[in-house]
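Chain IDs A, B and C follow the sequence of writing; residue 1 opens each chain.
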């Protein structure tokens, strides 16, 4: 059997949008099969995962809150991936930003440092610190790649483990709440260091507003600015980029820092909006799920927004399914992996036609 | 298929019936017809030329004869009987060998390993060096089995390809543009080998667009144009002009110089530039010095791989040599200035590879205008690109240089080679440069577009622009250059007046020899 | 430190090195053929889960190893379909496999958490294995260790001395030239990827069958990624991977040794040691060889042949 790819002459918008949708459909089908294999009803599972969460206010809020870090991180990843830099360490940058921003929340606990001017400055400062923390942490793999040609895939990934272990040590050690009954948690942030809720009694916090802002900015940068042009060019035709006078090292560093900053921002938003303190682990794998979001959204800011909402839906649905149907949480993870695989396949099929030939022809 | 010795054939007169033939052979790629009902036959003991300009369908035809592509229609006949070639292995088993224009060599592997990979599994790895030695003796060329390929010259690499074929004792040998990477002296040695092979009764297919060569070497010629056979003849009985006319189907306008015009100040001065190559298998520049005046065309001849890419990159500013005074543009030291800075001084550059280097294949034409034009005034405002301005500029280039395209603003990769080259050259010409540096201006471009591009370069020089042309095509250089220098192993020779030097002299320098030496 | 302590340390080094070596050798074959497989971690953990599950159910370590290998092969098969059949981006496809693999492995292993079974058998040569000091170290390791060394030797010989190995290397160097010569590029890559997947699966199986004879979620803890770094460290040569695996294994031991000596290093720092070491090693390697001359030239480039 032999599979051949024949380039399609035109790239229609229709196919480009239909492809991820088709991928989603196939992944859901596969998921349904797996659910049936573990002895549950696929229809019920579909309802619990995808439909139910859309009908309740609390779960809609949860989706928005969950989507926030996914979309923020994925938007940053677009800058790296479009330039062909494989930043796999967004999870670590998320943690670094959350830790640095969260640190400010710790030191301003119980009214400290708020004296005469009050606490209005704390939240903005935390956001900035979060972005800086993530950006600096992403600078490490960026510099190693640009200066020494070390694979950014491996370095950024190794640094994820380092960041997670560092935070773990901090929260169990120096940052542990002395009055916390020896629990491995930090002090709770003051209200001045917590993102306010938008809905009384709900979970929707101010941090979600960063999302449309980031997406809009990214969209404008990519389509209209010379910088965005240079990022796209660096990934699409690196020799041409150098010929055009664009500094590929500068682009690499900028892309990584933007990506790290957004991941770090997502981290501090999560910490000060959702969690309200620092814990040994502040992410259930957002940095990795965001990679799926980035590809599912076909590396475009608006696409990533939609994809992030969809994936957040599966997270929330997955949590509900764990309770309602005793379906394990790992199923969600596996589903996301399948989804990414389907998206990759659909992406290729959007650009090429498949020709399957049987039997003859011992070529390749 | 015999395993070692050459076919012994006492025949001097070639047999009439063709050994390998195509009948009504057609190949389509989508809606594009590369070969259209081709009928041609190749007989034993004959060197048969396949003539045609770039894009005529020669490569496609021989790829089908070699089993690399499958025909859309028609048949291939071996000794009169139709056969289907599933893949090159089948073609080789039959007795067809092919030496490609672009070698299929593995740079980091040795000569012996490269040859072994092309031999069928029945050949034992340990025996390969001994077999190489046999072939070297029989045909008089030397090959060292343990040398890594990246250390070899183009002529030596071609010998590996030929050895690969000869070790399988082919009855038919196809050569695709074999002299495109050789110096004139290396080409002579190749011809001697081919004549030996013809004497052994093999059928040789010789693809070329070099008419003088074909007249010198070949017994018969089949001419392809736009995928069809337009003529079959004896090339010795034709003139170069008549063959060219058949190939192109129209009388090509002769490129006219603008007549003598005064030369201005030196607009590009390179002073003893020594710089390393960024790539592992590249050639470093050694004390290169040159000067190009306004209104002059300086040609740099050389076989590929002697430092041309490095020279271009250091001239354009893609690589920085460090010493500011090493390169002067209009008197300004720019050795430490990048590409955009040099463009600001009205210098324009056209690199060798149009897809991926001169233009981004997956970007539109207007986006490709921004590629080199973003430094120009008005193209960007506070970091934002003026898309309308870019589109207008693109349309201006298309109109001025007769660029054929489909759609209002298509992707660069959808243009044919010739049209994309016209676009890329035109884009730089319309930026109104004072210095124009181009590397291989008409490589792989059809004759009409080539003539247009060469004319555009001459027109530039008539306007007082300093033009530097790096090219492997000696005909082209002699056509448009005022002076010619030769680059070899990273060194640049003293330029000579084009009128006062000969192809042979230049050819010797391309091979690294002085005029006083004799080729051996 | 007495001789016995040294032996104990070396034993730990060897057992830490073994899964890295097995996975790395498999990946070397895949990368020499031109495919970069970031799904290694996913294949390893699926191997660990399926290996333990099968071994527990059948009470046979051997069947467990087979299941582990097959688990790795299954994931590798999906990866191959995506990257070779559909020419999808190798980096993204590999990541998808890792994410999917983690989820799948945890699902498969869910029913086996907390269960224990006998360790994989160790070699016993009467007389030799009982030698003082070297006996256990050289002749008393568990079977995986000897298989790993054998694997290294076989692959090293195969790559450099056989025609098939030469063909594979050629395909990884330049798949365009390979295709022109009629080499079956995608078939070779498919075989290489499946082999790599099998090795990764077996490496995972080692973890759950010999290293610690039980399954726990996420038990590979990033070893697949370290194995990838190991391939670069080894300049794509199997014997060097052996040296590198011992080095990485040694780092893990160093951490424990520090703890044993009472040096007040926090547990997290010890756990971070392998990852930091990986980065340091990569940096040192690159500083020495900036142009990356020894990587197979077609590594990571998708191949779409003309028809």
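In the analysis below, a residue touches a chain if its C-beta (ideal position, glycine included) is under 8 Å from a C-beta of that chain, and two chains touch if they have at least 3 such contacts.
This is a predicted model, so every value here is computed, not measured.
In this structure, the chain pairs A-C and A-B differ in their number of contacting C-beta pairs, and the larger number is found at A-C. Look at the CA centroids: the one farthest from the centroid of subunit C belongs to B.
If you average the CA atoms of subunit B and of subunit C, the two centres end up 45 Å from each other.
Taking each chain's centre as the mean of its C-alpha atoms, subunit A lies 28 Å from subunit C. Averaged C-alpha coordinates give centres for subunit A and subunit B that are 47 Å from one another. In subunit A, the residues that reach two or more other chains under the touch definition are 362-363. Those residues of subunit C in touch with two or more other chains are numbered 182, 291, 307. Multi-chain contact residues of subunit B, defined as those touching 2 or more other chains: 87, 89. Every residue of subunit C that touches subunit A in the complex is listed here, in rising order: 38, 42, 78, 82, 85-89, 91-93, 95-104, 106-107, 110, 179, 182, 184-187, 217, 222, 225, 228-229, 232, 266-269, 271-272, 275-276, 278-279, 282-283, 285-287, 290-292, 304-305, 307.
The residues of subunit B lying in touch with subunit C in their complex are 68-70, 87-89, 92, 100, 103-109, 113, 116-118, 121, 125, 279-280.
Residue ranges on subunit C touching subunit B, taken from their complex, read 161-163, 166-167, 169-170, 173-174, 176-178, 180-183, 291, 293, 297, 306-307. In the complex of the two chains, the subunit A residues touching subunit B come out as 9, 224-227, 229, 232-233, 236-237, 239-245, 247, 360-363.
Taken together, the subunit B residues at the contact with subunit A in this complex read 30, 86-87, 89, 316-318, 338-340, 343, 349, 351, 353, 356-363, 367, 370-372, 374-375, 380, 383-385, 387.
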